[in-house]
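In what follows, a structure is listed as C-alpha cells, so that the remarks can point back to it.
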Amino acid sequence: MDVLWDFLQVGLVGNFSWGNMTMLAIGCIFIYLGIAKDYEPLLLVPIGFGMLVGNIPLSPGMNVGIYETGSVLNVLYSGVTQGWYPSLIFLGIGAMTDFSAMLSNPRLILLGAAAQAGIFLTFAGSLLLGFPEREAAAIGIIGGADGPTAIFLSSQLAPHLLGAIAVAAYSYMALVPVIQPPIIKLLTSRKERLIRMKPSRPVSKRVRILFPVVAFILCAGIAPGAISLLGFLFFGNLLKESGVTERLAKTARNALIDIVTILLGLCVGASTDASRFLTPASLKIALLGAVSFCVATAAGVLFAKLMNVFAKDKINPIIGAAGVSAVPDSARVCQMVGAREDPTNFLIMHAMAPNVAGVIGSAVAAGVFLSRFVF
Amino acid sequence: MDVLWDFLQVGLVGNFSWGNMTMLAIGCIFIYLGIAKDYEPLLLVPIGFGMLVGNIPLSPGMNVGIYETGSVLNVLYSGVTQGWYPSLIFLGIGAMTDFSAMLSNPRLILLGAAAQAGIFLTFAGSLLLGFPEREAAAIGIIGGADGPTAIFLSSQLAPHLLGAIAVAAYSYMALVPVIQPPIIKLLTSRKERLIRMKPSRPVSKRVRILFPVVAFILCAGIAPGAISLLGFLFFGNLLKESGVTERLAKTARNALIDIVTILLGLCVGASTDASRFLTPASLKIALLGAVSFCVATAAGVLFAKLMNVFAKDKINPIIGAAGVSAVPDSARVCQMVGAREDPTNFLIMHAMAPNVAGVIGSAVAAGVFLSRFVF
Amino acid sequence: MDVLWDFLQVGLVGNFSWGNMTMLAIGCIFIYLGIAKDYEPLLLVPIGFGMLVGNIPLSPGMNVGIYETGSVLNVLYSGVTQGWYPSLIFLGIGAMTDFSAMLSNPRLILLGAAAQAGIFLTFAGSLLLGFPEREAAAIGIIGGADGPTAIFLSSQLAPHLLGAIAVAAYSYMALVPVIQPPIIKLLTSRKERLIRMKPSRPVSKRVRILFPVVAFILCAGIAPGAISLLGFLFFGNLLKESGVTERLAKTARNALIDIVTILLGLCVGASTDASRFLTPASLKIALLGAVSFCVATAAGVLFAKLMNVFAKDKINPIIGAAGVSAVPDSARVCQMVGAREDPTNFLIMHAMAPNVAGVIGSAVAAGVFLSRFVF
Amino acid sequence: MKGTITPEMGALAVSGLVIVFCVLALIAGVVAVFKRLDDHWQEQERQNEAKALDKAPTIDDTTLLLITAACATVVAGRFKVRRIRRLLSPQTKRTPWSAQGRLILQGSHTVQRSGKKKW
Amino acid sequence: MKGTITPEMGALAVSGLVIVFCVLALIAGVVAVFKRLDDHWQEQERQNEAKALDKAPTIDDTTLLLITAACATVVAGRFKVRRIRRLLSPQTKRTPWSAQGRLILQGSHTVQRSGKKKW
Amino acid sequence: MKGTITPEMGALAVSGLVIVFCVLALIAGVVAVFKRLDDHWQEQERQNEAKALDKAPTIDDTTLLLITAACATVVAGRFKVRRIRRLLSPQTKRTPWSAQGRLILQGSHTVQRSGKKKW
C-alpha cells in the first residue's frame, strides 16, 4: 500500500504548490479566452495548454520538465532559446503579408515608425523600475506588439524573462480590441475620425517584387541585428510575390508556420512554471507592457495628427493606432472605430499600411537593441 | 584492377555477413506484408526499408551508419533516442482522435484499463527471464500495443533494446487481426457475443473541449512521467475540438505526423542492424511480446465479463479486446468477430471507447515505469 | 549625435566592402534570372536572397552571421553541413520521380552512366589545377549536375568550398538549356538527330515496386558511401509506388521537400560571404564546372553513338545528353533539339530514362569518393 | 540465465496496474459527472444552433466590410450592404476574426486586387 | 600553383567511372530480367484490373458497416445494406483499412455525428 | 528597488527611436521613387496582360508536347496539335517549366499511364 503512497509522492500530491495551481488556473483562462472569446486563439490556446504542461507539480529527475536537459520539451524548447522559431514564423508571415496597401501610400509608413515610441519609452521606464539594461530592452520590445520579435529579442538578451515577456506581449495583442478604442477616442475629435482618405492606386507586380529585396538591404544595412527577423520576413514575401515560387510560399504560410506556431506556443507556455513566472518582475513586466501598448497607440495617433498639420490631403488619425502592428487586429480596430462614426468610411485598407510598417519598425528596433547589447 | 578489388572491400563483398543477409530478408518481408497484405503499411513499409538501409554491410568510418555520430541517419535518429518523434506523433494522433465514443459511455473506459494488465504481467515475465528491471519495464510496455509509447519508453529506459522492442510492438499490432479473434472466441460464449449494446447519446462540444484539459491534469498529476506523451496527445485533441484552431489541428494530423512517421519508421528500421538485433534477447522479447498481446486481450475480455456480473445493461465482452489499443485495428477486429455471429450487431462504435482509453492507459503505465526508474 | 554615428558603424556604413557589394549584386542577378528568366526559380530565388542575407556587411559578435555559432542562420545551416537537407530533398525527389521510362528501356540506363565521365575528368582536372584530393573530388561532382549530391559531398569532403560548389552546380543546371544544344549539334549529324525510337511497353506496378528495393541493395552494397543519398531516394520512390503509403509520399513531395528547399537554398546562399566566396578557388571551380558540364554532355552523346554501332534498333544520340541528370531540364532540352529537326519526333519520354539514371549515377560516384576519402 | 522478481518489483507490477486503474476510473468518474451537466448544456446548444441557423446566411463582419468597401469604391456610391450569402465554408467562419483577417486581408489577393484594379 | 595526378588518384578516377558503369549496368541487367517476368505478371494484372472494375462500385467493408450501422440505428430496422455507390476517391480505397479506419472513425465527424444526432 | 537611466541609456532610447524613424523614412522615400517609375511600368504591364489574355487559352509547351506525343503514339498518325484549351489552374502555368516538368513528367501518372496503356 505504501508503494502506492510513495508513488503518489512524485506527482501532484507530493509536490503540491499554490503557485502551480495558480498557473494551471491562468492556463485554463487563456484557453477559455482563446476558445470562447476568440482572442487570438491560434496563440492563446497553445500557450494556455503549454502552461498546464509546464506547471504540473512533479519531482525533478524524471526527464520531463522543459528545463531538464534532454527532455522532449527541452529539446523542442531549443527552437525558442536559439531564436529560430520566431524567424521561421516571420518567414511564414512574410509569405502571407501583402504590402501593397503600404506601397501604394508610402507616407503612412511613418505612422508605423511613430508607434515604436512605445518601445523606447517602455525601455526607459523599465530602467527606472530597476531592471538591468538588457532586460529593460527585452521588456521594451513588448511595445512592438509583435510576438515573434519579442520572443526573439528576449531569447537573446534576457532568456530568464522570456516566458513573462512572451505572455505579456501575446496577452496585450489579444486585448488590442479592448485597449485601443478608448485611447483613440480620447485623442481624436469626431471631426478627425470622420476624415475620409481617398483610395490610392495599387502598385504593380514589379514594385511588389522589388520591395522585399530593397527594403531588406536598407534595414539590414543600418540595423544588422534585425537580419534574423527581417531576412526571413522579406524572404517569405519575395517567395510570395515572385510568382514563380508559389509552391514554396504556400508551404511556408501553411504547413511550416502552423508546425512552428504549435511548438512555439506550447514551449512558451510550458516555460512559465510558477517558480519562474510568479515573481514581482513579471508583475512589473505586465504593468510596463500595458503602458507601452497605450503609449504606442497614442504615439501613432498623435503623429498622424502632426502629419495633418503639414499634409495637403489629410490622414484619418485613427489609423495611427494601427502602427503598433499586432497584425491585423489593430487595423481592424481602426476600421471599427471609424465605422462607428461613419459606417461607409472604409479605413481598413489604409490602416493596413502602418500596420505592416509597424512590424518592420519593431524588428528594426529589436535590431538596434541587439547590435548595442549582444556583444 | 586491384584498385577495384580494394574498393569492393568497403561494401557488401568485403563485409559480407549472414546476419545482415537475414535482416535484409526480414526487411523485405516487412515491406511485402505492408504492401501485399496491407498490414499497417504506414508503419511496416518505412520500418522494412529502414532495415535494408541499416543492414547493408559496410566498413565503419564512412560516416553513413546510423550509429556513427554525425552521419545523416544518426542525426535524424536523435528524434528517436531523445523521444520527441513519439511525442509529435501523439500530437498528430490527438488531432485525429475522436474521443466522443468514449465520452458517451464512460464505464467502458475501465476496459481500457484492464487490458493494460498485459503490460505488468509481461514486466514480471521479463524479470523471470532474467532481464534487468529497466529492460523488463521497456519490454512490458509492448503489451500496450502502442508503437510510439513503446519507442518512447525504451528510448528512456533501454535504448539498446529499442529496435527489438519497436519491431515487436509494430509486428504484433499488425498481426492483431490474426492474434485476437481466437482468444476472444475461446473466452466468450456465443450468447455473450450476441449481446447488443444500446447506442449511447453523443456528448456536446463543451464536454469534448473540457475532456483533454481535465484528463491531462488528472493523468499528469498522478503519473507525471506520462507528460511527454499525454501532454501532446491531449494538446492535439484540444486543437482538434476547440473549433478555433482547426488549421493547426489539420497540419498536425497531416504534414506533421506524416513527416515524423516517415523519419521514425526509417530510423527505427535502420537501428536494427544484425549485430544488435539478432540476439537471444530479441527472441525473448518477441516471445514476451506475443504473450503480452494475448494476456492483454484476455484481460480485457474477462474484465468485461466481470463487469457484466454487476452491470445492469450488459456489455458485449468482445469489445473488451479493444482495450489493448492498437487503434483502430482491434476495434475493427471486435466489429468483425461480432458481425460473424450477428451481421446486424454494430459493435465498432462501442469498441472505440476501450480502444482509445487503452492508449491513455498504456501511456499512464509508461509514466509509472518512468517515474519509478528514470531517476 | 555621435551615438547615432557609433551605431551606424556596426552596419553597412562601418563595414563597407566592395566584396560584399559584388555579392549583393550577384544575389540580385540570381533573383532576376530566377524570376524574369524562369531559370530554376525554386533554387535561384532562395539562393539569391540568401546571398543578400549572407553579405550584409556587419560587425562580428552580433550573433546573426551564418558562421557565428548559435545564430539562427548557423543553427539552420547545420542541416547543410551535416548533410541531411540533401538527403531529405532526395526523399522528396524519390517520391515524385517516375522511373517507368527507365524501367521500360533498361539499356538507356548506360547513357546515365556514361555522362558521369564528366565527374571523373573534372576530378582529374581539379587535381591538375592544384586542388588537394578531397577538394578535387567535391569539385568533380559538379559534373553530376545534381545539386543535393554536390552539396552533400562537399559538406563531407570540403565544407569550406560548399558555397562555391553549390552555386556553380545550380548555376550550370539553370544554364543547361544554353550549354547543351550547341554541343549536341556539334557531335551529331542531322541524320542521327532524326532517328525515331519506338515507344517501349510500360512496366507493371510490381516492377515499379521491386525496383527501388533491389536497386538500393545493389548500389549501396557496392558503393555504401551513397547510402545517405540513395537510401532516401529509393525510400521515397517506394513510398510513391507502393500504393499503400500514398499519404506519406504526398507529404514527402510537397510540405517536406518545400520546407527543406527553402532552408537549403537560403543557407547555401547565405554561406557565400565575399571573404570566402570571392577567391581564385571559386573562379577555378566555376571554370571546372563549365568544363565538366560540357564533358558530361559530350560523353553521353558519344556513348549513345557508340551503342548505335552495336545496337540493332538505333538510339537517337540526342538523348545521351540527358544523362547529366539535371532532371528534367536536360531531358526537355533533348526534346527541343530533336523537335527542331522533326517536330513530330517525341524524345522526351525516352530522354527521361538516362535522365533519372544520371541521378543514380552521380550519387554512386559520390559514394565512390566518400568511401575512398572519408575515413 | 534465470531471473527473479524481487518483492519491490512485484509491488511495482501490482501497484502499477492499480494506478492505471485508478487514473482511468477517475477519468471515467469525471466524465460521468460532465455528462450529467452536459444534458443541461445540450439544451442550450440546441437553442444556440437554432439561432445559428438563422444567422448562417450572413457572413462575418470583416468580409462584409471588405466587400462593402469594394463595392463602394467601385460604384463610388454611398449605400450600405445589408445581407450577403455566405460562400465561405463554415470552417472559415469558425476561425477567429484575427486569423481570418490575416488570411483575407493578406493571404488572398482576389478581394484586394479586384478592388484595386478598379481604383 | 600547379598540381599533379598521383598514380593512385589516376587509378581512382578510372576505377570510379568503371564502378559507376558496373553498378548501373548491373541495375540495367536486373531490370531487364524483371521485364521478362513482367510479361507474365502484366497478364495477371490485366485480369485483376478487369475484376477490380466489377468491384469498383462497391465500397470497402468498414464504410459499408458504418453506413449500415447508421441506417440501422436510425430506422431501428433489421435489414442489411447490399450495395452502395462508392463516393470516395479511388485513392482512399487503396489505403489500408487500418489507416482508413483511423481516418473514417476518428478523423471525420460527419459520419458519426449524422449517426449520433439521431440517437 | 529604484533604478536610474544613465546618460548612455538615455541616448540609446532617443537614438534608437530616431534610427527606426530614419530607416522607415528611407524605405518610404525609396518606395515613393519606385511609384514614380511604376506608372511607366504599369502601362507596359497592362499591355502584357492584354497579350496574356489572348494567349490564355493555349497551354505551355511541355504539356502541349506531351499531349501531342500521347495522341501521336496512340493514333500512330503524324499530325501536329495546334491549339489546346488550358484546363490547368493559372497557378501551374506560372511555375517554371523545369519545376512544372518535374511535376507533369514525374509526379502525375495520368498523362503517362493513359499514354502507356495504349502502346
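Observations
For clarity, chains are labelled A, B, C, D, E and F in written order, and residue numbers in each chain start from 1.
The definition used in the following text is that contacts are C-beta pairs under 8 Å (C-beta built on N, C-alpha and C of every residue); 3 or more make two chains touch, one makes a residue touch a chain.
This structure is a prediction, so every number in the text was calculated from the model and none was measured.
Separation of chain E from chain F in touch steps, taking the shortest path, is 2. Contact tally for A-D versus C-E: the pair with more C-beta pairs in contact is C-E.
When chain centres are defined as mean Cα coordinates, F lies farthest from chain B. Seen from the C-alpha centroid of chain A, the farthest chain centroid is that of E. Taking each chain's centre as the average of its CA atoms, chain A and chain E sit 44 Å apart. Averaging Cα coordinates per chain places chain A and chain C 40 Å apart. Multi-chain contact residues, meaning those touching two or more other chains, occur in chain B at positions 7, 38, 41-42, 104, 222-223, 243-244, 247, 254-255, 368, 372. Residues of chain E in contact with two or more other chains: 12, 14, 19, 96, 99.
Inter-chain contacts occur between A-B, A-C, A-D, A-F, B-C, B-D, B-E, C-E, C-F. Considering their complex, residues 82-84, 87, 91, 156, 209, 213, 216-217, 220-225, 227-228, 231, 234-235, 238-239, 242-245, 247-248, 250-252, 254-256, 368, 370-372, 374-375 of chain A touch chain C.
Listed in rising order, the residues of chain D touching chain B in the complex are 1-5, 9-10, 12-14, 16-17, 19-32, 34-35, 38, 41-42, 45, 91, 94-96, 99. Considering their complex, residues 102-104, 106-107, 109-110, 112-114, 116-117, 119-121, 123-124, 126-131, 133, 136, 203-207, 210-211, 214-215, 218-219, 222-223, 243-244, 246-247, 357, 360-361, 364-365, 368-369, 372 of chain B touch chain D. Taken together, the chain C residues at the contact with chain A in this complex read 7-8, 10-13, 24, 28, 31, 34-35, 38, 41-42, 45-46, 49, 52-53, 56-64, 70-73, 75-76, 254-255, 258-259, 261-262, 266. Those residues of chain C lying in contact with chain F across their complex are 3-4, 7, 38-42, 96-98, 100-101, 104, 199-202, 253, 327-329, 331-332, 335, 339, 343-344, 346, 348-349, 352.
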